[in-house]
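Below are structures written as structure tokens.
Two complexes follow with chain A in common, the first pairing it with chain B and the second with chain C.
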Partner chain A sequence: MANLIIEAVITGILTGGVYALMSSGLTLIFGVMEIINIAQGALVILGAYLSFWLQDNFHIDILVGLLITMPIMFMLGLLIEVAFIRPLKRNRTMLSILVTFAIAMIIEGVLTRQAGATYVQLNAWYVTASFKIGGFYLPYIYIFGFLLSVVLLSGLYVLLYRTKFGYSLRASMQNRTAAELIGIDVERVSAITFGIGVALAAAGGVAFGATNLFNPNSHYDLISRLLVIIVLGGLGSLRGALVASVALLVIGDVTAVVWSPVWSSTVFFMILVITLLVRPQGLFGQLEGRKQ
Partner chain B sequence: MIRQYFTQLRKVLYASATASLILLFVVACGGTSTTTTTSTPVNTTPIKIGASLSFSGDFSADGMAFQQGYELWAKDINKAGGLLGRLVQLDIVNDNSSPDQVQTNYQTLITVHKDDLVFGPFSTLLTKPASVVASRYGYAFVEGAGGGPSVFTRGLHNIFDVSLPVANNLVAFTHYIQTLPSSQRPTSVAYATEDDPFTQPQVDTAKTLFEQEGIKTASYQVYPAETTDYNPIADKMIASGAQVVVVGTLLPDVSAFIQRFKQQHFNPQALIATAGPDQGSQFLKAIGGTQSAEAIMVPNGGWFPQANTPGNAQMVQEYLATYGGNAADISSDVAEGYSVGQVVAQAVTNIKSIDNAKLIAELHAGHTYQTVQGPVKFDDTGQNIAATAYLFQWQSGSLIPVYPANVATAQPVYPKPNWP
Partner chain C sequence: MKIIRIALLILLLAAFIAFPLVFSDPAITEVAVFTLFFAAAASGWNIFSGYTGYIALGHAVYFGVGAYAMALLCQDLNIPAGYTPFLLLPVAGLIAAAFAVPLGWIALRTRRHTFVVITIATFFIMQLMAYNLRFITQGSAGLSLPIPFDWSADFFNLPFYYVALAILLLALGTSWWVRNSKYGLGLLAIRDDEDRALGLGVKTGPFKLIAFVLSAFFVGMIGGLHAYFNGSIFPPFAFDALFDVAIALMAFLGGMGTLFGPILGALILVPAQQYLTIISGETGYNLIMYGVLFLVIILLLPQGIIPTLGKMWHKWVARRSIKEIPPAVATTTAQEALVTESTAKKDEVNL
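Right after this comes the complex of A and B.
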């Protein structure tokens, strides 16, 4: 049993890194723009399909393909922000839920039309291969997925804390009105932030699509998990998204092996409810911090 | 005197005129009557058949395959002159794999669209609420994918499943294992199943039968249908050291289990899944090709592309002409949907009516109907008691029948070779 628990913890941490990647885009967008991007799950699936088509038609490795899919998704994010999000002037948070849900439906519809409802999965030599360390086999795909998360989230950290754009972005997160007053082009920052969030979805899509079968409908389960993660971590907190992702997966996996898979979600949600009772702002969120 | 004469004359004239009018009326009526009997109007309006299927959500792939089955049947019956001389018109709506939406849909199909007949949705999960709505309005509810035992224990008189009762799906596998020589017979089995009314009864039946034979349960896990991380479940099966793995799955979860087994170099002697390996090229692509599929087993409810059953060759041919691909790619859902149409057509032809009360009585009358899945005969609860379970196995890139011997085209491969 001890071996099973250790294995569950390791798998949970590695898989949690992948979820952190997917949820970081969601929490970043909320932090800057105060909108809840319900389409993030559909964008992850779209990213997975882009990688699948590159692999299927041009035999491009799924990780190498990110050099193509991430810029495409970044541009798509800019387009969505300018066309659908920017026109929302009042009641942005509530209306954004409706608008981004509509975007998710459009993406699902287009994907269903192009790819049908059949399940597919991303394949590469490292998807099923593993190596032995101690008494365990560690699959390469989880290691690579975790490393991808570390690299991209580190890059995001550098962008946020070591660049002029990062200062502008964080200023917009802290106080949108004050940022505008000191000359920051908040609309431009918002558009780029949305683009980055969507580009991160492309990377998350590769990791998700290599470890799960997916079809155009797979985003429903995904978005519900991502929303839970950013609520637990604290809306707008990247560090919170990382910690909550790992916690979600580790708690779920350990509960499944020690007790029963039936209880893994229940235990996690119990912890979520208790945490929110004690800290309504989530683990790393700022209570009322956004009120002007 | 003269006045009396005119009075009598007037009475005679009135009487004559009245008699003439009566005669004219009788003649006129007689003429009309003759015309009516020679031109009875023929009902040429199409027979509308409603169905709710899943085009999004968990059952979307199956829902679309079911739609193909229904549409192929409708095309064939219309080509043959229709049902009772009337064309068949399908009225299919999307339920998003939602038990709530499926109820709304059947309510709408019956009360708003005024469909004459209804066919069932995909899955036991959706059939249960949908059949209650149909029962409320006295509609016969013939379906092909709602075979979970819980569908038939609610006292409904209107539900009929044309497929093999779900709980018996793995019986052929348990019989096969029991026929192995004692030196080869496994001593332990690991089970894992979704908490789904389609998968869990199958696994539970297999577990009961194996335990009766002295084959111990190394691990038994039930997981929620919304599970996305299957690794801990797979790891527990691996840690149990079981020789045989029986999983109650659909395509996504069996693919995840196989991926994990390969990563962990776990090679059971036999691996059978309730569903997933029957999805042809979808399954092969998902698990990484034909070599990985070698010797994986799946139960079969009586249909496969080469089956020598009534209408099967025609259905397969028309499927390929309409949708392309290979015969091996045809989902068994297509055959299940097609069989629903075949049973309803034969029953309606027997009673020469589309009255639902008469149709329910006919389906309960103990007649045997012929379908692409084989014979169909309903017991009191509406389950098909004429169906037989087969055992299929992937061998050299083809999914073929291997048990029982009368349908087998090759010997089963046992033990399963190691993962490539």
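Right after this comes the complex of A and C.
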């Protein structure tokens, strides 16, 4: 039993890294634009399918394929922001949720047309091969997925804290109006942020698709988890998203071992509810989110 | 003006009552039944979200709770098929409302985006519960309800149609009462500026919770009715994410916070959705087309139909009154324009 729990903790941390990748895009978009991108889950699944097709048709390795899919998804993110999010002038909270939900439906519909409802999984040598650690075998993909998250999140860190664009982005996050006043093109920052968020979703999609069976319908389950993560961490807080991802995945995996897999998602949600009773702004959120 | 409006409403009601008798084709009355289901649910949703501005995207929870309450009541009390199950609908609604008290209390501790996400999270919790609490819900095997076999195919839809119409009228009456009461004024104050409303002495916490519970009651009754109409319930259909968004979109299309907006939205969207499903099947096309429809509506009519029409109407009235009166008495024109504008605004509020 103790062995199983250790295994659950390790896989929880490793998959938590992947969820951090997906949810950091979501929380970043929220931080800059104050919108919740319900389509993030569908975009993760879309990213997974793109890698799947690249591998299927051109025999491109799924991790190498990211060099192609991430730019494509970045452009798609730009397009979505410019075409559908930017025109929303008033009541953005409500409208952006409906718009991104509509986008999620369209993506699900297109994927259902193209791929059907059968479950697939991404494949590569490191998905099937595993190595022995402690008393159990761990597929290499868990390590690779975690490393991918570390690399991309470090890149994101450098981008946010060491470049001029990062300064503009963080300024827009802190105060949109003031950022506009000092000459930052907030609309451009918003579009690029959305693109980055979607590109991160594609990267998360590869790691997700290699460790889970998925079909076009899987995005509901995914977006519910991602939403729980970013709200638990505090909307707009990257640090919160990282901590909450790892915490939730570890707790979920341990629950699956000690109790039963069917309850792991429920425990996920219960922790959110209990946390919010004590801290309505989430773990690292700022209280100003309560102002209306 | 008031008499015309009342006459118009009575005429409209008569049209609703007569509809299934004139168009008695079961295929058509079935669409009409679904339209009324959604119209009533969206009207209920509007009492909370439309008036307070809090967007709840988890009302499928109360739809599902109502549905399961109905199924379990019929099962445990051995209710035969027929007209008796309809009498249980208020009970199903009350059970849903009872669920809404703690869930609403937790969710309403937060605001704006966090509130939206928590309502979504409660939805997923309840859906998982429906799968996992097998000793109550039978899990994914679902529950079945009594089926009235002795109702002929031509007649079957009619009782459901009129019961749904009754629930719709009840929801509409409640919505109208809330809109014209001091309580409703408090809700609107919360929508406009919650902190200021609190400062002015509006008990924002209880006000919001009561509206939330009221809306859950109506959605719960519709859930129960829908379950009886279908004859069986399964977790993914009782707790349907699409339902969450569909009622929001209907209220939004017609006009959030208006009395008739949600009904107008349902009248347009439900037949459209049924039509899309029929012509395209379930192969993903229907999702694409429904999603595109969503996008077009939101981008073209960001305020909803009734507020947009109201604005156009009062612009038109103002322009006409300027034309009619000679420019020599420009001051009175401006005043009259102001008066017509204010009455037009009042009309808008009354809608």
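The rule is simple: the second predicted complex is superposed on the first by the 285 of 292 C-alpha atoms of A that agree within 3 Å, B and C clash if a C-alpha of one lies under 4 Å from a C-alpha of the other, contacts with A are read in each partner's own complex, and residues count from 1 in each chain.
By definition in this document, a contact is a pair of C-beta atoms (placed from the backbone, for glycine too) under 8 Å apart; a residue touches a chain by one contact, two chains touch by 3 or more.
Note that the structure is a prediction, hence the values are computed from the model and not measured.
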{"item": "Clash or fit (per the criteria above) of chain B with chain C on chain A", "value": "clash"}
{"item": "Greater residue coverage of chain A in the superposed arrangement, chain B or chain C", "value": "C"}
{"item": "First (chain B), second (chain C), both or neither touched by A:34", "value": "second"}
{"item": "Touched partner set for A:179, first chain B, second chain C, both or neither", "value": "neither"}
{"item": "Chain B versus chain C as contact partner of A:7, first or second or both or neither", "value": "first"}
{"item": "Contacts of A:200 with chain B and chain C, given as first, second, both or neither", "value": "neither"}
{"item": "First (chain B), second (chain C), both or neither touched by A:108", "value": "both"}
{"item": "Contacts of A:220 with chain B and chain C, given as first, second, both or neither", "value": "both"}
{"item": "Partner chain(s) touched by A:139 [first = chain B, second = chain C, both, neither]", "value": "first"}
{"item": "Which of chain B and chain C A:265 touches, first, second, both or neither", "value": "both"}
{"item": "Which of chain B and chain C A:26 touches, first, second, both or neither", "value": "neither"}
{"item": "Where chain C runs into chain B (options 5-13, 23-31 or 203-211)", "value": "23-31"}
{"item": "Common interface residues of chain A - those touching chain B in one complex and chain C in the other", "value": "108, 112, 216, 220, 262, 265"}
{"item": "Interfacial residue positions of chain A with respect to chain B in the complex", "value": "3-4, 7-8, 11, 15, 108, 112, 116-121, 123, 127-130, 137, 139, 211-213, 215-217, 220-222, 225, 249, 252-254, 256-257, 260-262, 264-265"}
{"item": "Chain A to chain C touching residues, read off their complex", "value": "30, 34, 36, 84, 87-91, 93-95, 97-99, 101-106, 108-113, 216, 220, 224, 227-228, 230-231, 235, 262-263, 265-266, 269-270, 272-273, 276-277, 280-282, 285, 289-292"}
{"item": "Chain C residues within the chain A interface of the complex", "value": "55, 57, 106, 109-114, 116-118, 120-122, 124-125, 128-129, 131-132, 193-195, 241, 245, 248-249, 252, 256, 283-292, 294-295, 298-299, 302-303"}
{"item": "Chain A contact footprint on chain B (complex, rising order)", "value": "55-58, 60-61, 63-64, 195, 221-224, 226-229, 231-233, 235-236, 239, 251-252, 255-256, 259, 262-265, 282, 285-286, 288"}
